[in-house]
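Two complexes, one shared chain (chain A), two partners (chain B, chain C).
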Partner chain A sequence: MSDPRAAVIVFPGSNGDRDLLEALRAAGFDSFPHPSGQPLPDDVALAGLPGGFSYGDYWRAGMLASQEPAVRSLSSLIDRGGLVIGVCNGFQILVEAGLLPGALSYNDPAGFRHRWVTVRCALETDSPWFRNVPNGATLRLPIAHGEGSYFHPGGFDAVASHAPLLYEENPNGSMGALAALLDDTGRVLGIMPHPERASDPDLGSEDGLSLFTGAFGAVARHPSPVAGKNEVAAGAHTS
Partner chain B sequence: MFRVELAVRPRPGVKDPQAEAVQESLARLGHGGVTVDAVGRLLSLTVECDTAEEAERITSDLCDQLLVNPNLETYSVSVGEVA
Partner chain C sequence: MTMTSMTELGLAMGLTAAELDHIVAELGREPNRVELAVFAGMWSEHCSYKSTKELLSTLPTAGDRVLAGPGAHAGCVDVGDGWAVAFKIESHNHPSAVEPYQGAATGVGGILRDVVAQGARPVAVMDALCFGDPATPRTRWLQDGVVAGIGGYGNSYGVPNVGGLTVYDSRYDGNPLVNALAAGLVRHDAMRTAAATGPGNVLLIVGATTGRDGILGAAFASEELGEDHEHAARRSHVQVGDPFMGKKLMEAMLAFDDGLVACQDLGACGIACATSEMAAAGGTGFDVDLEAVPQREAGMDPFEILLSESQERFMLVVEPDRVDAALEHFRSHGVHAAACGAVTDSGRLRVRHDGETVVDLPAALVAEGTPPQRWEAGPLPTRHPYPDFPAPADPAAVLVDLLAEPGIADLSWLYERYDQTVGNRTVRGPGRGEAAVQKLPGSSAGYAISLVGGGDGCAADPYLGTQALLGEAIRNLACVGAEAVAVSDGINAGSPSDPVEFARLSELIRGLGDGLRALGLPVTGGNCSLYNESPSGPIPPTPMIGVVGVIPDIGRIPCPTMTTGEVVLLVGTPSGEPGHSGYGRLTTGAVDGPAPSVDLDADSRLAAFLVAQAAEGRIRAAKDAGRGGLGVALAKLCIRSGTGVEINREWGDRPDWDLFGEGSGMAWITAHGAEADALIEAGALAGVPIDRVGIAQGDRLVISGLIDIALADLAAAHSGRTA
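After this line comes the complex of A and B, so read on.
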């Protein structure tokens, strides 16, 4: 059986795409770059939206990228049982696309922050992303963003049950120190720190890899929801 | 044809770190009596349609669909006919 395919959507202005490709590959995926101007192929099990400055963050970070054909095709992937991760600018894009609730805005206090942070898993969840990250576990991950302050008009309580990771020390003024957010399915993850930049000991931490290996474990165990030409091969492997 | 100016600004009550940063900068220049109430964005549009009301409605549609995040922002529209 071939490894499950993972598309990393490359937008004009992405700069974290290669890091995300490498981390997904390290977790076991057959990862490949995919241009944002094309809808996703039907045979992918996972889509990753990388960090960077898509369209130069013009007008509002993630807004222009949220209208790209690859992003508009994500709902089809999600309906098929596929997984989605948006890292940093990718998180902003998922929010702008309406696939995650709320909004991300300028850091408070204002300024670009780039440093290592500790986040704590604060949720019992069946999300495939957290198969290897139990409630209470801490991860050491880097951040690098200027617009990572999470806001929801209903306050943190409105999203607390979907917030798997919280900052130990809030670097950007996010409500409830929210560092990551899941959708109702648990398969769509937006995360402001960079797990892909903490996926190898040489990078200073490999804590982030656990998110990707969790996703891989879920996909390898339940490949059938993903439609397309690989479905037969994947199903044959697990039966 | 109508010229439309769309002003988008932070919703009241939403934190505006850009305004705070500009405020501090102005204060350092000696303008302590000036308060920066909001930092927003301006979009200047030319809209092909027959009435000002239609231009305003089209602009509102653009705001609802893409240009304004209602969680964070409000907007105002001014419309003038192109001579």
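After this line comes the complex of A and C, so read on.
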């Protein structure tokens, strides 16, 4: 059987697409770049929204990108049981698209910040992204953003049950030190740090790869979102 | 135009009377107004190197690994596996002095375009900055703007900033320096050329539209800076950067090669420069139609279109039957594209606008015909050695003071403003090694880049000061297991019309050439920025030196940190003199001081030894002695490692000079106990002094009989500004 396909949506101004393609490939996916101006093909098991400055961040970060056809087609992928990850700018796009709740605003203290940080898994979850990251585990990942301060009008309590990763030291003023967020299905992950840049021991850490191998394990165990999308639509591998 | 008015206009544009005479003699007629503007831009110091080209021609350029040298968009060196690193330094000093954010941002954008023009995907940016007194509000304003500009462009574009240097010295108060190095990766067989060949091939302009920004920026860069209140009037010379457009354009450029004959980025002097240089390089000419150039505003004068320095543009020469596909390709990437001319065999740059020929000039005369400008070299300034000073009662207090010095203190707050890891290549970024290290795609091999610079040593002696920097660069590379292979030089100096400044510039370049020959290294390109003077005086002659090294196996490079229990070895001989040093300056307050102590043979032997032993996997951590000498190097290694040391060694009559003096050929390394003897044996064979002097342990830095201080105190002193 061929490897499950993973589309990395390339927006004008994306700059982490190649890194995300590499990490997904390292985890076993047949990853390929997909232009944001077209809806996703039906045969993908996973979609990745990479980091970068889509549309230059010239409006609110991620806002313009969230209107793109590829993003509008994500809900049908999710309905089919597919997986979605948005990293950094990709997280901002998922929030702007309404696929994850809340908002990401300017860092506090203000300014773009690159730093290696430690995040802790703080959730018992069936999310496929966390098959290989048990509750309590820590990951060392880089952050590189200026608008990563997570806000929810209901406060952190409103999203605590969907917040799988928390910063050990809050670098950006996020509510509850939230570093990542899952949707209700557990299949859509927004994450501000960069796991795709921590997927090669030569580059300082391979902790991030465990998220992608977890996703691969889930998809490989249920190799259906593509071939048998009806089966998936029937809920074959929802948690 | 009468001869008199032509002369007046030409002089007002910055041409000299002799140059105007030369132009008339070569053309056999007077140039018209547009042609005059083209000459004024292209024959400015910034574009023509008329004051320095004879000096720079003395630098060695040949090397086994050199694939493209000076004259290319960016120098290219073979780093193995069929890959080349394309790299170059450029300055953006004057724009940054008057508009720090855009000046720095477009400096980064400009050097990235050089790398892209070479066909390379940008993989790294480094920055070399010189600011004035850090305590002044003006320095704060400049620094905040420059750092934000470098980050604002590079972060969005998606190229990691992997290191650099920042100097603070009141001699840069009136004229800060902003130099940037960019590096890219290109397959050997995918390198691109600027040579426009094949009459009938079509000229394309792609990227952003052409506006009125940055007109005659090259001429502005070739004058001294005025008083602060005059800067506002200069802001219209500064270009405005758009990293989003730059990123789209980079992707479009790298994805295009069907029918591509030649390409060049549009920088200083815009279309006038690109067309004349591409034609001159190919021995051809161009017919250009300015109305076909996509313009940002209506009613632009032909000289404005020709000389606009609007950012994010390239010119391409494309085979005629591929033009439609090329235009479609670029437009599909969201950038403008238009055919605006054709290659001819006339050797002339002919430009039409509104039905008239507005320029008809020999391309080679415009691009390469600037008469050399020879300046008188006066005597070098007298040196002032440090006055005698006694050994300090408490060397630990000296160490603390040195660690807190601007220029030695930690800059991680600054580097946090830059994305360091995008692109998945960065093995060692800022603060994580003596040089930046990146890995090649799908390979265990890698390359390293060291960027060093500053004018402190060069103010005392430009010849030796430059060589001291060369030595530092190859030591830095060796500390990450990399063998130096090629150099890009960014030279910043004062006005050549001042005989003293011209003498210093000449000595700097002579020192660079002799140093490169001593080390067997070629220059593959670079930049020379003159007229760095303000009403407060000239800057010190300031070279920025970027050196690329090769690493056969990144799995074996020394760690950035040492671990408790490792043996500490001292490689090299402590200087036994203050040398030209941060210590001497801190202690005596003398600004210039003695000539730097340089022994490039010692640096060369040290580097070869470290590279060989790193390849054997024997070195755990390595740190060479630079600013602040062996003492500061050891303290920084301890702070970075979170581990103390205990050192036992006999020092000379002046232990403070041994510890804080600066010179060549010194480094600390650590090793597992079992490897120490092998290292000492290998050092004896290589003619490198090496001695086992201590052990990594505890949480204090102890040099017995001299220093015993808690790591936490050193770290606090070193931490610098926390922004």
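FYI, the second predicted complex is superposed on the first by the 224 of 239 C-alpha atoms of A that agree within 3 Å, B and C clash if a C-alpha of one lies under 4 Å from a C-alpha of the other, contacts with A are read in each partner's own complex, and residues count from 1 in each chain.
In this text, contacts are C-beta pairs under 8 Å (C-beta built on N, C-alpha and C of every residue); 3 or more make two chains touch, one makes a residue touch a chain.
Since the model is a prediction, treat every value here as computed from it, not as a measurement.
After superposition on chain A, the partners chain B and chain C are accommodated together without colliding. By the document's definition of touching, of the two partners only chain C reaches A:D57; chain B does not. Put simply, more of the residues of chain A are touched by C, taking chain B and chain C as the two choices.
By the touch criterion defined above, A:G13 lies against chain C but remains apart from chain B after alignment on the C-alpha atoms of chain A. Of the two partner chains, chain B is the only one touched by A:G173; chain C is not.
In the superposed model, A:F29 lies in contact with neither chain B nor chain C.
When both complexes are overlaid on chain A, the residue A:S149 reaches chain B alone and has no touch with chain C. Residue contacts after overlaying the shared chain place A:F91 against neither chain B nor chain C.
Residue contacts after overlaying the shared chain place A:F130 against neither chain B nor chain C.
Of the two partner chains, neither chain B nor chain C is touched by A:F216.
Look at A:F112: by the touch rule set out above, it reaches chain C but stays clear of chain B. Taking every C-alpha of chain B against every C-alpha of chain C after the fit on chain A, the minimum distance is 8 Å. The touching residues of chain A, when paired with chain B in their complex, are 59-60, 63, 67, 96, 102-103, 105-110, 149, 151-153, 173. Residues 14-15, 17-18, 20-21, 41, 43, 66-67, 69, 71-72 of chain B are the ones that touch chain A when the two sit in their complex. The touching residues of chain A, counted against chain C in their complex, run 12-16, 18-19, 22, 51-53, 55-58, 111-115, 142, 144, 146, 194, 196-197, 199-200, 202-204. Chain C makes touch with chain A in their complex at residues 151, 155-158, 242-245, 247-248, 333-334, 415-427, 439, 554-555, 723.
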